[in-house]
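See the structures that follow.
Both complexes shown next keep chain A, but they swap its partner, so chain B is in the first and chain C is in the second.
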Partner chain A sequence: MVDFSLWDIFRNLLLALRWTVALSLIAFIGGGLMGLLLLIARLSHSKLLRLAVNAYVQVFQGTPLLMQLFLAYFGMALIGIETSPWLAAGVALTLYSSAFLTEIWRGCVEAIPKGQWEASQSLALSFIEQLRYVILPQAFKISIPPTVGFLVQVIKGTALASVIGFVELTKAGTMITNATFKPFLVYSCVAILYFALCFPVSYFAKQLERKVQRGHA
Partner chain B sequence: MRIELDFLSVLTEWPLLVKGVAWTVGLTSVSTVLGLFLGVVLAWSRVHGNLPLRALAGSYVETIRNTPFIVQLFFIYFGLPAMGLRLAPETASIIAMVVNLSAYATEIIRAGIEATPKGQIEAGKSLALSSGQIFTHVVLPPALRKVWPALVSQIIIVMLGSAVCGQISTEELSHAANLIQSRNFRAFEAFIIATLTYLSLSMALRRLLNWIGPRFLFGR
Partner chain C sequence: MHEPLLAIQGLRKSFGDNEVLKGIDLQVQTGEVIAIIGKSGSGKSTLLRCINGLETFQTGTLTVDDQALLHHDAKAMRALRQKVGMIFQSFNLFPHLRVGENIMLAPNLVKQRDKAISKIEAQNLLTRVGLAEKFDAWPDQLSGGQQQRVAIARALAMSPQILLCDEITSALDPELVGEVLRVVEHLADEGMTLLMVTHEMNFARKVADRVIFMHQGRVHESGKPEDLFGNPQTAELVQFLSALR
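On to the complex of A and B.
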């Protein structure tokens, strides 16, 4: 049996951390783009669209991310797409993030005074122009802190991708544990690495929130 | 190509699903009660405790909130036995859920406590209430009322998170779905049914908690 030094363990975990970061970015950016489209649909005048987006958000917020990952993994195989853990995890986490981001951003848009909508409407701006030039720029400012805060949730969410065989930090931890029989040490290192990744982001989000609040006071 | 779905072969395994739901509900109930209690204690420590206690509670909250639940669970179930503490999967699941919920609940409840108007505490003092009495009778009930919606959401997140406990062979709902699909290879159908069950559980839980809160925790 090969002996693993503490450095070996840590180095291998650091290598796996790349994939945690990569998957988080894919889900966060993909979820952001999709969330924006859903937000526009949610704000539109069509009742059907609003209801559909609402239902979408309800379903993704009311079911476990683990089940969403399993459904993506087995569902894609069912419709004939060759599934890899990458694809399934990317799709599931993107959909999951888009639902949460839509809901976060909807709250920010609702915080914009109604007069802004009315004023822009009286200037004969179309719905998309209203959003583009009046509403979204203002909502954007207050949406940054909760959006950054949600990134922490996405990073932690990627840990579940380990269950469908995606080799990121948690899965690497499990594999190294099986090779070294040192679960206490390995999972401590895994936790430390997640903390090192998430804590700065949470801290940054908290600072941003203070800034926004001071701007309003 | 044709997609054939066979939900019936999953539903015939209903005793397993019922048992899974019972475990999910049981795990959630126990960890909600313990987690909220611990959350109140920690929130008190963060606001009124001395410096070491405040720092301890603060680092506990930050550590738990910045690491994934599945890692906490694996640490407790696989890591602690190396330190001589061997736990049954169910016990490890409950500990992990309590630890997780309490950290989030601490921050939520603290926000409620800090929003208490000063006059309320002064009024309590002028009635010669002890500081303990002021906390449990004057500060805590309105604080809980203010933050109850956030706490309800957090409890639901923990209930949904309990799906992960199936990974250490706790026999909750997602574990039942996994067992069924390993028997009849109807993976997609089994997970669809489990997912829909989770969805109805979370909707029912929200209603239940919105009903329980005002009646038993903080008065109307």
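On to the complex of A and C.
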């Protein structure tokens, strides 16, 4: 039997960590952009768009991420898209994140007093200008804590992508455990790496929060 | 008689089953100063908010300087709103922007004014409302009266042809009311067309060319301030005025 040193374990986990980071980034960026578009649609004056976004959010909030991953993986194959764990995980996490971010941000926008909309409307600003220059900058400030809270959830949520054969940190941990028979050691290392990923995100968010507070004394 | 600057005909507005404006006809000439008085719930604020499209109405027509109000036509609304400025009871300054930026935002975006020019204009407007030194202040560093004067400057920056004032002193401490009213009086003297919903009867009497008393969604009585306040014709107005004393 081959002996694995602690460094061997750690090194292999670090290699797998790349894919956790990559998947998280896809979910953040894809989910963020899509979430923003959905938010604009949700806030628009079109009743149809509002209802559609609402339904979308309900579907993704009301089903487990695990099912969404399965459905993305097998569903895409069903409609003839040549799928891979990469593609399926990226798509599922993007859709999932966009639904939650839309809902989080909608709450932040609704916390902005109605008078801000009315004042900017009275000044002849268009809907997009109102959002861009008046509403979103104020909503942004209050959105930082809940958004980052969710992003940390997403980082940890990428672990679920292991079920469709995506080799990220958790999956790598399982594979190494199977080879080394040292589950406690391996999963401790896995946990430390997740923490090392999530903690800086939270820390950076705190700094950002403080900065935007100072921005207007 | 000139073409009226603001023409409202047969305007009806309901919130659900509740009809709050029951057929309003109103014409306002350029330079006229009109005070709208009435009990709360009489529809006076709603009427004001209809004029720049903050509220939609079901029937009737409304034109400002030949621009018809068309709720579903974004371009027409943008054109109309550039002619109509509004000042609110709760100031509604943008808290994330400095005073100067509050004033320059709309001219820069909507009128695509040159930045340097709009800055000079903003400074001039602040001087006009007595706040020349507050250009770089944040709104929350100002008193209520100062904030409201900034809001007036912000509305004026769009060079509106008509200014709507919706109970603009009602949220102010009594000692701050005067400074805001002085600014408004100044505007009236300079020939600005003003439509103000107000509870300041003395101010209405002094500044307004015409006073409109609204009751249950209708223009119940209107006329020169000295007639309306001195010789009210309807029992409702008599009652309203006596309740204030």
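Some notes on this structure:
One rule holds for everything that comes next: the second predicted complex is superposed on the first by the 200 of 217 C-alpha atoms of A that agree within 3 Å, B and C clash if a C-alpha of one lies under 4 Å from a C-alpha of the other, contacts with A are read in each partner's own complex, and residues count from 1 in each chain.
The rule is simple: a contact is a pair of C-beta atoms (placed from the backbone, for glycine too) under 8 Å apart; a residue touches a chain by one contact, two chains touch by 3 or more.
Since the model is a prediction, treat every value here as computed from it, not as a measurement.
When the two complexes are overlaid on their common chain A, residue A:Thr94 makes contact with neither chain B nor chain C.
Using the contact criterion defined above for the overlaid structures, shared-chain residue A:Gly115 touches chain C, although it does not reach chain B. Of the two partner chains placed by superposition, A:Thr102 touches none, neither chain B nor chain C. Judged by the number of chain A residues each one touches, B leads among chain B and chain C. Within the superposed three-chain model, A:Val134 lies in touch with chain C and out of touch with chain B [touch as defined at top].
Chain contact summary for the complex, chain C toward chain A: residues 52-54, 74, 77-78, 81-82, 84-86, 88, 90, 92-96, 105-106, 109-110, 138, 140-141, 151, 154-155, 158.
By the touch rule above, chain A contacts chain C in their complex via residues 113, 115-116, 118-127, 129, 133-134, 137-138, 141, 215-217.
The residues of chain B lying in touch with chain A in their complex are 1, 3, 62-63, 65-72, 74-75, 78-83, 156, 160-164, 167, 174, 177, 187-188, 191-192, 194-195, 198-199, 202-203.
In the complex of the two chains, the chain A residues touching chain B come out as 58-59, 62-68, 70-71, 74-75, 77-80, 152, 156-157, 159-160, 162-163, 170, 173-174, 177, 182-184, 186-188, 190-191, 194-195, 198-199, 202.
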